[in-house]
Structures are given as C-alpha cells and as structure tokens.
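Shared between the two complexes below is subunit A, which has subunit B as its partner in the first and subunit C in the second.
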Partner chain A sequence: MKFLTTNFVKCAIKTCDSSIDAFPLQYTECELVQQEQDYNPEFIVHMLERIQWDALISVARDLGNDGLPANKPEGLDAIIEDDQAILKDLHTLLLETHIVNGKMTCKHCNHVYHIKNSIPNFLLPPHLA
Partner chain B sequence: MSRPEQLAPPEVFYNDSESYKYTTSTRVQHIQAKMTLRALELLNLEPDTPHFLLDLGCGSGLSGEILTEEGYNWLGMDISPSMLATGLDRDLEGDLFLSDLGNGIPFRPGTFDAAISISAIQWLCNADTANVDPKRRLMRFFNTLYASLKRGGKFVAQFYPMNDQQIEQIMDLAKVAGFGGGLVVDDPESKKNKKYYLVLTAGQSDRLINLAGAEMEVTDSNKKVNKKLMRKLESKKQFISRKKDVMRKRGKSVALDSKFTGRKRRPLSSLGNPLRTFFARTNLPTVYEPLPKRRNGESALEFLQKELLDKYDRVGKRRALVDSRNGLRAGDVIKVTYGDRTSVVGQVIAIKRGHNNVGTNILVRNKYQKIGVEVRVPLYNPNVKNIEIVHKPTKYMPRNKHYYIRNTKVDVGDVEQMVKQEYKKTHDY
Partner chain C sequence: MLPTPKFSNLDFDKVYEPAEDTFLLLDCFEGQIQYLNTQFGPGSTPVITEIGTGSGVVTTFVCQHVFPYGIVLSTDINPHACLAFMDTVTENSIVNPTVDTLQMSLTSGIRPNAIDVLIFNPPYVPAEEVPQIPESLQDSKWLDLALSGGEDGMEVTWILLHQLDHILSKKVGIAYILFCARNKPEEVANYMRQQGWIVDVVIHRKAGWEVLSILRFKRNES
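Let's turn to the complex of A and B:
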C-alpha cells in the first residue's frame, strides 16, 4: 500500500462513518519498502490539493518520520524548475514508499486491519458488516 | 450459459485455479481490455491531466493494466484473495485492497476523480449467506461510493445483469444514493456480445458523459403493429409463450417456461437408447441374395416361365393350341374336360396369352336356356384333363368383333345344340 493511500483510507465499519476519529487510522508495526516508480509531477500537484496535511504528518509520525514541514507546500507548479526538488521529495514519500506489512487501527472503534504483502485486508467479520 | 454468480460467492468461486485460468486466458484478457477501454471512453475524462481512479472488482488487475497504460493512477479493490495474489505476481502499479464492496468503500470523501468497475457489481445482487441482504449491501456500496468520489465524479460499471429486475434494482438504488445517470447498452441486438454499462455521475459534472456511439434501447411501444400482422410475424416460440400466457390467465396449469420451451426435440437416434437398438435389430427385414439377372444366357424371367411350361405341358400340346398361327381362333368351339370328368362346351371368345405365360387362359361362352355363360379356362391348369376342338366355322368374324357379340344378334346360341345338329348333318343319320 502506498503512503499516499494512507491519507485517504478510513475505517470501513458503518458506525464509524460519522465519527471524525475514523480518519486517519493508527499505523503500528509497519514494515516499509521503497519501490521505484515513474516520476509524474502533474499527478503529485493534482493529489496535493486533496491531501489533508495534518493527517499526513500524524501518519508519518506513526511510521517514524518526524521530518515533514508543519505546513502544506502550496502553489507548486509541475513545470517550474524551482519546485522540482520538493516535488521529487513528495514523489518519494507518497508514491515510492510502500507499507508491506503492518497494522491499522481505527481510533474510534479500535478495529484492527492487517496489511499483508502490501494488501490491506478490509474484509469485515459478519457482526460488523 | 451458466452464471458464476449462481455457483458460489466470488471469494470462493475465484480460487487459485479459477483466477489463474481467468487471468491467463487471452480471450478474457481481450474482452476485459475492450470493456475497460469502452468504460474509459464513456467516462470522458479530460485528456492530459492526471486522474486518480478507483477500480472496483479489479481482480488480477487486467483492467488496471489498461488504466496504467492510459496514464491513470489507480487503486483496485477485490474480494478474492486468489485474484489479488495473481495480481501481485503481475507487478501492478496501483494499490490493491482486499475488501468486500458490499461493506462499503473505506475512503475519505472526495478521494477519487472517477471509478470504473468491470464485470463485478452483479455479484452484489446475490445473497451468499443467510444474514445478507443484497439490497442493503448495494445501498451501502452506492452510498459510500458516492461519498468517496469528488463532486462531479463519474462511475462507469460494466456488469452482467441476470434479468431486467436486477437492472432496475441497481439503477433505483444508485438513484437513491444520489447518483444521476443511466444505462448504456452496447450491441443490443447480439445476445452474446450485448454489454450493459451503468453510467453514473455524483453531482453535476462540467464534462458530460461521452455518449457518442452509444445506442439507446429502442422501445417498440410507439411502433404499433396490428394484431393480425403480429401473429403472422411471430415465431413458433413466441406463439407457444403467447398461448401459455393466455392459459395461465385462465388459471390453467401450464408447463413451466425454460430455455427448452418451444425448442425442437432432438432427433431420436437409435444410438444411445438401448431399448431402441433392441427393437431396431429385431425389426430388420430378412435380406436375400439378389437373383442373378440372366440364366442360361437369357432373361431370368423368361427362363423361369419356360421351366414352368415344360413342367405343366410336357408334350407341348397345349402350347400348340394357343399357337398364334395354327392354334385356336376366336369363333372356334371347344370342349374342355376337367379332372372330375365334367366338361364344358363353348365358343372361344378370347385367348389371354403372353410370351411364355403360364397364366394363359381361354374365355369360352355358351348359352344355357338362353342365358349367357362364360368360363375362363386356365390352359396349363393340371385339373384340366383335355381340350378338344369340336367345331371350326368356315368363316370367321374379325377377331376384335368377338368381344362385342354379347347380347347382340351375332351372339352365340346354344352351342351344344348347334354342335349336335352339325354332327347329325355331317354324319347323316
């Protein structure tokens, strides 16, 4: 699972729909892997608009990265040379960082979702479905 | 056509072997690719701008590969672990999620630009376990999907509906969830290639769905054909189903409809049915060797007839009687003596003869007490002891006249009487 996805995924249980604690999930015991991917600055800029920076910082902290800037970098352009460095960094962080194994916990209902072979398991037991 | 939906739940049906078969089949790959491209065409996304797509029921990522090729970033969800495992082996670009669509799409509002789904959502219409309500699952699916799409986000789903009610159910629930849109049917005439695309938009979109090339399902209601013409045009199958409907309306018990209704029966071959083969064997006619066409250098029939003549007329006396030159003539009077010593005297009216015909016979006529009596004498009958010529007239009538003498003035008289008088005259006593 890409690091980018952590900024979107939330608890699948119906009762957590209305809760603000259901996002982001708590990440523990995670195993990270770097996997190279084609650099696509337009996509990063496109996704940056809808990224919740606070959530990104908290998830990064869960995964042991405290080095993110406190504020979301704004006004980036995919073509301008000066922005390329920060865009490349974002690309490495968001798209090339994969969570291979680990646990995700909903802060509202404490349900644990497992990540195995980089596939998160969102199948719910019958009593929660 | 069997529907996999009716065999097992998706996570069970798509096991390791089935997902391997599915993914490696070039035919499936081809169809999937075609449908994915068609779905993208319907989505009508802005070109040259990045998009984040959701692939529902991505399976082993056949559709995902197309999305990557087309330059989209995507995230796939599927319920079958085997399919996803096959997908992992194929090094897909997108993230994979193991998740049940009926439990909702676990994403924050506004995550995706668009969503596609190839051959998946019909699975949601099945209740695989006792505590599952397909309607509730579909509702949950559409609600969460609506939320996770950005405003104006579009969703195109190719699916295989089992019947019209299923389409209706899906469309209704999508509408309740807030989606706008409808159904696109590709290739509606073809039974096999007919494809249904559910095309939905979450809120108003500035870019409309690309409906170029889509055919609306034509409703025939405005085409009024009169009843008589309709009956003339209907097929045998339609005729049967119409009659069955009528009978059902009348409350009669009618055989259930199936795919075999109105079909021709398979020809009953003797193969496969042991009883039939048994009867077929016993009913076989006896077959003899065909007789040789020629015997002794002449035609078989002539040879056999001659053989018979030799048997019944050893000396050739009878044959001499009907000899065409010196034999009997119509008008002659003959006396036929039978084996029991009774005899018949009469004038020859006609001789029925053929070439070497054992059935040759002589028709003799006489009058007893002014009543005409005719006897046909079988010439070679062993019961006939003797045939003697009693009297030959000095003058013959033309042969053909003889047949018409009955009850005319030239009819035979009392032949016996005539013969007696003749005898008296010649012998003079």
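Let's turn to the complex of A and C:
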C-alpha cells in the first residue's frame, strides 16, 4: 500500500463516520519499503488537489517524517527549481514509499486494522460489520 | 478494439474468472473514453475505485486505456482476489503512479465523497441469501461472494446504491454498475432518477442466457 493511499482510507465502522477522529488512521509498527517509480511532476501537481494536507502530515509523523511544510504547497511549477525539490520529495514520500506490513488504528473507536504483504484489510468481524 | 489485459496465472477456484460480464465492462469503458475525457480533462488524476475487482482485469484495462494518471484504489472482500489483482497489475506492467488494492466490503474503508469514478460488477445472481464472509483463508466459499446476490440478485447492489451519494465525489462523481435482466434494471433506474440521479444505459448485450446492461449514475446538478 502506497503512502498516498493513507490519505484515502478511514475506519470502516459506520458509527465512526461522523467522527473527525476516524480519518486519518494512526499508523504503528510499520515496515516501509522504497520502490522506484517514474517521476512525473505534472501528476504530483494534479494529485495535490486531491490531498487532505493535515492528514498527510499526521501519517508522515506516525512514520517518523517531520519534514513536511505546515501548509499545502500551492501553485507548484515543475519548471521552477525550488518547486522541483518539493515535488521530488512528495514523489518519494507519496508514490515510492510502500507500507508493506503494519497496523492502522482508528483514533475514535481504537479498532486495529492490519496491513499484510502491502494489502490493508478493512474487513470487520460480524458483530461490528 | 483495444486488447484485453493478460491474466495467465490466476486460480479460478478462488477468484472470479473473467467472463461475459467482465468483457462487457471492458467494451463499456472503451466506448466511454471520450465521455470520461470530457468530464475530467486529459492528464487529470481522478480517484477510481472498482468494487469487487476480482482478477483486476477491468481496473487494469481502465488504467491502460482510460486514466493513465488515475489514483486507483480497488477493493475486494476476497483476500485471494486482492492478491490476484496485484498479479494482474504486474503482469500487464501497469505504470500508473498509484494502483492499490484494499480488502474491504464495498467502499467501507474509503473516506466519504472521495471517489470520482466507481465501477461495480456486483454479485447479481438471484439467490436465497448473500453468503456469509468465510472465517478462514482456506475456506472454499470465498468465490460465492462474487456471485450470489440474494433477493433479485440485488441485495448487495441496493446497499451500495443507498450509499452512492455518500461515496461519490460531490462535483464529478460517476458510477458504472452492471445489471442482469433479473435485477430489473429499469425499475432501479427509475427509482434512482426519483432520488435525483441521471441514469443512462451505456451498453446492453445478450450474453448466453443472460441479458446484461451497464448503467451510468451521475448526480443531477440542475
């Protein structure tokens, strides 16, 4: 599961939907693997529109990365050198960083979900589904 | 005609084997390329989710030919399907910046109003009931979840349709859902139109003894 995906997944339990604590999940005991991917700055620029920045910072912190700017970078341009550096960093973090194994915990209900072999499992036991 | 993705190493005792319904979805998306490009613009990065992705053939086709820059998050309840999906993506050398598979029921673990393009080939076969989720990985019944749809073959599809407004992104969300004639798709379409959706039959085909159609759902903005 790519780091980017953490920006789209939440607790699967219905009653957590109304809580702001159900997203993002908290990531612990994560085994990360870097996997090279073609660098496409245009994609990063477009993709940023879909990103919830605060959630990104929160998950990055869980995984030991405090280096993200506090506010979402706006109007990045792949031709400008300073922007290039930011885009490259985001590329490395969001697309090349994979969580291969780990735990995701809902900060509202404390339910723990597992990531195994890069596949996160959101299936719930019958009494919670 | 665009080529069908390769899928040579899958175990079809555990994962739904691509069949007429799968191929209808491929033809559907081949025909929708222009429409979707107009909706999202070339080079855009919509969030795409196929529910019950199974072998991953449909998602792979969409990655190859429709949205090479999509953020792809496909789901399946069946753990064997999640693994098969990875195999298919690898076998077809998909180079999308992001393609992940998530094990879950429908879209239960994806944040609300995040999905731009939803694809669903549901368990549409009428059956006495929707099967229980097996407890062990070795259980032989995982595949049944891809087929048996309870009353009218619609039990799972109705759960999804009732959540559609909560699932699809607010501005542009579009869903493609496959039906067989026994699901009474005209009645479903009429009901959804009353709920404020624009519903179009985008493709329709007699496949053996089944008549299959794919309906497209989009919010009525006016």
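Methods note: the second predicted complex is superposed on the first by the 124 of 129 C-alpha atoms of A that agree within 3 Å, B and C clash if a C-alpha of one lies under 4 Å from a C-alpha of the other, contacts with A are read in each partner's own complex, and residues count from 1 in each chain.
Simple rule for what comes next: a contact is a pair of C-beta atoms (placed from the backbone, for glycine too) under 8 Å apart; a residue touches a chain by one contact, two chains touch by 3 or more.
In this text the structure is predicted, and so the values were computed from the model without any measurement.
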Touching partner for A:23 - first (subunit B), second (subunit C), both, neither: both
Touching partner for A:10 - first (subunit B), second (subunit C), both, neither: both
First, second, both or neither for A:2, with subunit B first and subunit C second: both
Subunit B versus subunit C as contact partner of A:121, first or second or both or neither: both
Partner chain in contact with A:46 - subunit B first, subunit C second, else both or neither: both
Common interface residues of subunit A - those touching subunit B in one complex and subunit C in the other: 1-2, 5, 8-12, 14, 17, 23, 37, 40, 42-43, 46-47, 50, 117-124, 126, 129
Residues of subunit C that touch subunit A when the two form their complex: 43-45, 47, 69, 71, 73, 77, 79, 82-83, 86, 95, 97-98, 100-105, 108-112, 114, 132-133
Sites on subunit A touched by subunit B in the complex: 1-2, 5, 7-12, 14, 17, 23, 37, 40, 42-43, 46-47, 50, 52, 117-124, 126, 129
Complex contact set, residues of subunit A against subunit C: 1-2, 4-5, 8-12, 14, 17, 23, 37-38, 40, 42-43, 46-47, 49-50, 94-95, 113, 117-124, 126, 129
Residue ranges of subunit B touching subunit A (in the complex, touch as defined): 49-52, 73, 75, 77, 79, 84-85, 88, 93, 95-100, 102-104, 106-108, 110-111, 129, 131, 140, 144, 150
